[in-house]
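Letters A, B and C mark the chains as written, and numbering starts fresh at 1 in each.
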Amino acid sequence: MGLTTNSEIVVRTTAEGAAGRAPLLRIQNVAKSFGKNVVLRDISLDVAEGEFLTILGESGSGKTTLLRIIAGFETASAGELWMGEERLDRQPPYRRRVNTVFQSYALFPHLTVEQNVAYGLRVAKRPEAEIVSRVGEALEKVKMSAHAKSKPSRISGGQQQRIALARALVNRPRLLLLDEPLSALDANLRRQMQVELKSLQREVGISFIFVTHDQEEAMVMSDRIALLRSGELEQVATPREIYGRPATAYAAQFIGHTNLLKGEVRGGVVRCGLLTWPAALPDGPALFSLRPENIRLAAGNVATAGRVRVRGTVRHQAFHGATELIRVECGDGMMLVVRTPGSGGPLDAVELEFSPTDAGLVRESPERI
Amino acid sequence: MFSRAYKAAVTLPPLVWVTVFLLLPYLLMFCYSFWSVSESQTIVHSWNFANYGELLRVDVYWQTLLRSMWIAARVTIFSLVLGYPLAYFLSFYAGNKKDLLYQLVIIPLWVSYLVRAYAWKTILGSTGVLNTLLQYVHLTKHPLEFLLYSPFAVVLTLTHIYTPFAFLPIYAALEHIPRNLVEASHDLGATPGQTFWKVIFPLSIPGVVAGATFAFVLSLGDFLAPLLLGGPSGIMISNIVVSLFGAAYNWPLGAAISFCMLLLVVSLLVFSERLEKKWSFS
Amino acid sequence: MELLVSDAKLVSGSRWLFVHSAAVFAFLYLPIAVLILYSFNGEGVGGFPPHHLTLDWYRTLFADRPIWDSVLNSLEVAFAAMVISLTFGVPAALALDRAQFPGKTLFRRLVLLPLILPGIITGLSLLMLFNVMGTKLSLMTIVLGHGTALISVATTEVFAGLQKLDRAQEEASLDLGANYWQTFWRITVPNLKLPIIGAALLIFTLSMDEIAVSFFLIGRDNTLPLEIWGRLRRGITPEINAVSTIIFVFSLVAIVFWYRLRVRGESAAEGGTR
């Protein structure tokens, strides 16, 4: 059954990802429903010490709910959370050594920047001298010392974001949760903050769980990506792995562009429309993912050895600057998307080529409600 | 996110207080309405429907109740007639003076109810401001006697007091209407009159219902304005209750009337809540 | 008055509205103007035109011990009622916003009922309670009556404030290690500062002015409205105009204070979402 294989794969990848180190956080069979509405189903996931893990998913996939369960704002309907020997899900939010950077930042409007950052230390009743020096350090680290006395409403969105980070990190949590912290920023600032955030994480060495719906952001920043779909984990792997070897059709489509080829295997040969290539697979229907950049426009009439070759008609060309996306119809209604480094102008009839090894087998992603 | 202890801590104290000082007294009122008073002026705790029977049998009780409702209905209508156009003017035409004018509507509410009723009395009396003014400018020779100690005086005073109450929810409802709806209506070719009747008024109905409920319910239960300005013909149902609890010393009968009023008010509230829901589209 | 429309029909419509509104304002302010004017009238209340403008009634008023005693009583009652209403009204708003419990709808209706119920019903039902419990009527019973009836004001104001409060504020506080108690005082209350102050002012003035409930719960000591009521029954003098004028002026100061506070609060809040 599809689902059993799925969780087997998940467990295996998890173990590989955290190789050799005891996990910092262990999420075991967590489920959550609001009334009849099932939001999360049997989630198991380990987070390693010092890891940057991204939970990636569309809106409504349950990613924020999972984060809120870890933070303690929601109670899981089933399952356990372990941090070392401690049962985390039995602790109220204020006793967890986990801090959160909120999507809206949730800076306290009635407190200054400095008082915001000091909040956690104040309620923990740390000595005032220690508070002053730690708050100073934290502001220094996010380059916001100059704004210490400002009210949050007086600083820009990007600056508010840094303060939210400083306010969380100053408490030296073992795990930092970030709920789409960059979504409110404009594109340029967002790219800049991605880099800063990543290097900050390397510097402090704290595990980050980063929630986003932006697959590009996930690829750029993460050590590992946990792809969530309709409340279930679709795949957990490094960015390279999840891009190069997507486990499912959904993962292949959600992360980057892809061509999904529905074929039939018979006697070690895949047949897919007009295309055929050899594959050591059992007989039966099979689904393949072929990335657009793995198809190239071929010159000459002779196929390169070991490559699949097909002739087609260009239906649409979209210029993207460094690359160009071309939609090619290859007979039988099959449409292939090709990414080339620039075609030089309008095209009509083309010859396409790809290597069979680039056509990766993926599982079907059944519809879920 | 809130723990059980938190929820209990915020729920239990008000729940206990409200049970002791609101629910219990209402229930007690209900109990009282079945009791009676003995010859020796003590409460007899025997249960029967005699009080409710008397309410139906004795004309003066239900007639006064009907008259009170008629007075309250007039107050409601006048408050709406005065309050609605005022709210509409403020919301749509007052421009940057809106906030100031709004405060000006509220300010009379800060003057004691009693004092304003009293002020009307000094205006309407036979030697009052209005009559002496009319004689001063030779419009009348003798004071107009119908002005004070009449249902007219009660309706006028209560309208004065409850117009701001009717105004407030109507104004709030009008303020919630997105202005681009009005522009869209004009854009689609509707005249200002059509726009008002087809777009603005329907969307303001919840406010009208709330304002009308306020004016009706609060004036129905009033007993001070009738005492002060009503005279014998302006007596309202609450005045009877007051005398039953005072000089007439028949608490059980008074409790029965009060309980009927409570039922009337609660059913009106439920009804107006339904009406508001039906007409709210957000 | 600037009219914001140019369409000829609209202008004529709004001119009619303008006249109507001016008339309503005149109607609303006529008794207040008369009240103030005749507090300076040497010839007593009524009679046109006013004669012999004088400050005598204010002099009489300042020498009038019973009035000032009743003012003091009213201030005490209003303050105590404010404390009770906030103590139970703020948690009630939190409960309505955040807790689910059986009978919640009944609880909500019950809390809010005195807001619209004629005062006579609240007053009489409490009178019966105190009678059965054998409680002697005094300022204390008035405090309990006002405090209970005005919980509705505190709850509505604070509940409206809670609807606007970003839940993440409190989550962030818990997340940073503050427990529920610390979070309530350090985050929830400061964020609800405006509704709470607004409710407090409103409760205070409503209690100062309240007469229907007090009417039935009064003991030996009068509140100001009951003192005035007693005098009205005995015959009217401009002294009552004088005391009303003074209270009106104080109310105006309170309104201006509150209005400024709100404008400042709102502009700060707008800055926050910038």
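A few remarks follow.
Here is the rule we use: a contact is a pair of C-beta atoms (placed from the backbone, for glycine too) under 8 Å apart; a residue touches a chain by one contact, two chains touch by 3 or more.
Everything numeric in this text was worked out from a predicted model, so none of it was measured.
Because contacts link each chain to all the remaining chains, their graph is best described as complete.
When each chain is reduced to the average of its Cα atoms, A sits farthest from chain C. Remark: chain B and chain C have CA centroids separated by 17 Å (rounded to whole angstrom). One simple way to say how far apart two chains are is to compare their mean CA positions; for chain A and chain B this gives 60 Å.
With centres taken as mean Cα positions, chain C sits 55 Å from chain A. With touch defined as above, residues shared between interfaces to two or more other chains in chain B number as follows: 1, 3. The set of chain C residues that touch two or more partner chains comprises 171, 174.
Residue positions of chain A touching 2 or more other chains: 72-73, 92-93. Listed in rising order, the residues of chain C touching chain A in the complex are 166, 168-169, 171-179, 182, 186-187, 190-191, 193, 268-269, 271-272, 274. If you check the complex, the residues on chain A that touch chain B are 72-74, 92-93.
Against chain B, in their complex, chain C makes its touches with residues 1-5, 7, 9-10, 13-14, 17-18, 20-21, 24-25, 27-32, 34-35, 38, 45-49, 87-89, 91-92, 94-95, 98-99, 101, 107, 110-111, 113-114, 116-121, 124-129, 132, 144, 148, 151, 167, 170-171, 174, 180, 205, 208-209, 211-212, 215-216, 225, 228-229, 232, 236, 240, 244, 247-248, 251-252, 254-255, 259.
Put simply, chain A touches chain C in their complex at residues 71-73, 92-95, 98-100, 102-104, 106-110, 119-120, 123-124, 151-154, 167-168, 171. Residues 1-3, 5-7, 9-11, 13-15, 17-18, 21-26, 28-29, 32, 82-83, 85-86, 88-90, 92-97, 101, 103-108, 110-116, 118-123, 125, 127-129, 132-133, 136, 160, 163-164, 191-193, 213-214, 217-218, 220-224, 228, 238, 241-242, 245, 251, 254-255, 258, 261-262, 265-266, 269 of chain B touch chain C in their complex.
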